[in-house]
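See the structures that follow.
One chain, chain A, links the two complexes that follow: it is found with chain B in the first and with chain C in the second.
Moving on to the complex of A and B:
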């Protein structure tokens, strides 16, 4: 079966819509008083980022993003929020006294990013490498199991250590 | 109008800055961990955006980043539960058990 090149439609509308949802929900994550609302906003950010990955011809990463982040990590967050007492937390101050440091760090980072982007745009390749996206999962899998086999195994070891560590941390008496 | 790599990088930078502000200014440790997830996602978006220009290595690395984010969230929330059992609070500025 020949692999035909898929041409995306209405790319700017999807890009700006998904980016607006991502950034606004990210602001919602750090501004909401209720942690459950923050977790819901985080879900919207992650889903719109998955849409952006699809626009970047990375369907495997988009699927992993939805399954692992939205289905795993955010559910873990919600589970822990249910274990801790959020009624008392909502009546307390939500921000510490470091907003000046935060704004300063954000401004410095913003200036750094702008400088890097303005200076670095000249060294980007002008034309994107075209991958047929029907083969994306196959190629990523081949790369994971052939070129990056040792990092893959180290990642599995890291996950094992994280499981044991989380159980040890959360257990009442060891 | 063509959407270039620079557009994606700007979105990623905005997410990174929002995450940094969240880490530095919030008191609730759960929200701080969520902000760290935002930062990791910004890095992932950078990696995938550059992988369109340079090859598939960026996508593979972003999968490793997602794995590390899962491990970090599990261990961080475990520490949070242990801390909440000791002090009945999850505020970052009240974590002072090692101070005397």
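Moving on to the complex of A and C:
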């Protein structure tokens, strides 16, 4: 089969559509009082991010995003949330009044975004390197297991330590 | 228009060729075919289960109950749609949709033939597993939104079960993907390689790798391929919540599990999604281990004469079915009460025979035989599903978990490591 570059159709529409869904549902995550609704909004955010990865010629990252984040992590979120008594939680008075810190953080992040938007042309290259779509996964594999083998193995060791730690903390008697 | 017809001469899937009209046509055909398959499965499951238990099964609606699925569908459509008083309306409404959409989205990458897939993705199998894992979300949402104890417990069980069996499933899949990169001919991969030695996740390329290596992956590195296939075959039953792992809907403990509160059309969506998901995971198993669309022995029994002989199989299957139907028609009671049934069954038999005749035409025969071999392998799995349900007692939840975590996952990892070792040696 000939290696071909996948040419996306109607790029701006898809980009703005996916971004709108991502932003709106991200707002939904923090605005909803019901944690289950927040978690479902989070799913939409993560899925539209996966779509954006696809547009950036990274199908492997998009697939992993769906499997790990949506299929794994959010399922576990929901699993925990379902066991909480939500009705009591919704009536409870929220006493974490940290809006000042939140506002400050948001302002700093906003300034960062604006700065990137203004100066972005100079900082980032105009076009990312494109691999033929058929070889994306193979390129990721080569990078991870040949070029960056040591950092990758160190990261996996770190994860292993974290898993063992979680088991030790969760289990009373080993 | 000429572009539209030109696609038929290309050897790419419509998604890759950029023939968007053909993409729509393929999607519609697949949707219709899967719906028909679900209807057929509904009838076959009740009939086969009944015969396994020495009963007759549905006999009243149509000859041998053939119209029973349609009667059931009509009943479900006309039934009142009940939403429990304290249910979370939005989530309750979304859950069946999520389950159905995810079940049908996986069909985009299933290769029914070298060109008979909606599209071929670089991440094919990863995409299928990812989208299939979204189905869990629908079940959790359904259980929680019903605001009732049985559905909640059912969906908790289901999510725990699916999350733990996904790991074992992933291990088995990775070992099959690994085999695509180990080129070489025959069971142990000795001899000159057929294709390139780059591994692949694409569904079509996985089947091509089996073609180039002259071996189905179930037989490769015997018994490693067989072990990986066995793990997948067990895990896929657990993933689709079918007997003997149907704890999320264990009738004796949880009435109907996560869909207790659903009725009418919404319930039928869950039903449709369950069967569509069963066909989808069976297709993964067929693609990864049973050679996908390949006919048996494409190399050993190769050559023009054998090709022609094997391409007659689809037509012969339909002739066999037609013969069976006509024999039943003749053997029906002679009283006048059975006149309508008898005519109907006779027409149905002739229709099957007519399809068989169409399949004999050479251009149709060549295009259809890939789909036929794929479908017949998937049908084998569907029969296994029914057989399991008629044979095995339901597992207890702790047995299910210890089987998953203490047996399947370690075996999966061991098979993966062994495959890598054998491949490198």
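Side notes on the structure shown:
Heads up, the rule we're going with is that the second predicted complex is superposed on the first by the 156 of 174 C-alpha atoms of A that agree within 3 Å, B and C clash if a C-alpha of one lies under 4 Å from a C-alpha of the other, contacts with A are read in each partner's own complex, and residues count from 1 in each chain.
Quick note on the criterion: a residue touches a chain if its C-beta (ideal position, glycine included) is under 8 Å from a C-beta of that chain, and two chains touch if they have at least 3 such contacts.
Note that the structure is predicted; figures quoted are calculated from it, not measured.
In the superposition on chain A, contact of A:17 is made with neither chain B nor chain C.
Of the two partner chains placed around the shared chain by superposition, chain B and chain C are both touched by A:64. Of the two partner chains, chain B is the only one touched by A:38; chain C is not.
When the two complexes are overlaid on their common chain A, residue A:72 makes contact with chain B and with chain C alike.
Of the two partners chain B and chain C, more chain A residues are in touch with B.
Residue contacts after overlaying the shared chain place A:102 against chain B, while chain C stays out of touching range. In the superposition on chain A, contact of A:138 is made with chain C only, not with chain B.
Shared interface residues of chain A (contacting chain B in one complex, chain C in the other): 60, 64, 72, 76, 83, 136. By the touch criterion given at the top, residues 1-3, 5-11, 13-22, 24-28, 30-31, 33-35, 37-38, 41, 44-45, 48-49, 51-57, 59-60, 62-64, 66-75, 77-82, 84-85, 88-93 of chain B touch chain A in their complex. For chain C in complex with chain A, the residues that touch the partner chain are 12, 16, 88, 90-91, 94, 121-123, 126-127, 129-131, 133-134, 136-137, 140-141, 143-144, 152, 155-156, 159-160, 162-163, 166, 198-202.
Within the complex formed with chain C, the residues of chain A that make contact are 1, 4, 34, 36-37, 40, 43, 59-60, 62-64, 66-67, 70-72, 74-76, 78-79, 82-83, 133-138, 141. On the side of chain A, the complex with chain B involves touching residues 11-12, 15, 19, 22-23, 26-27, 29-30, 35, 38-39, 42, 45-46, 49, 52-53, 55-58, 60-61, 64-65, 68-69, 72-73, 76-77, 80-81, 83-85, 89, 92-96, 98-99, 101-103, 105-106, 109-110, 113, 117, 121, 124-125, 128-129, 131, 136, 139-140, 143-144, 147-148, 151, 155, 158-159, 161-163, 165-170, 172.
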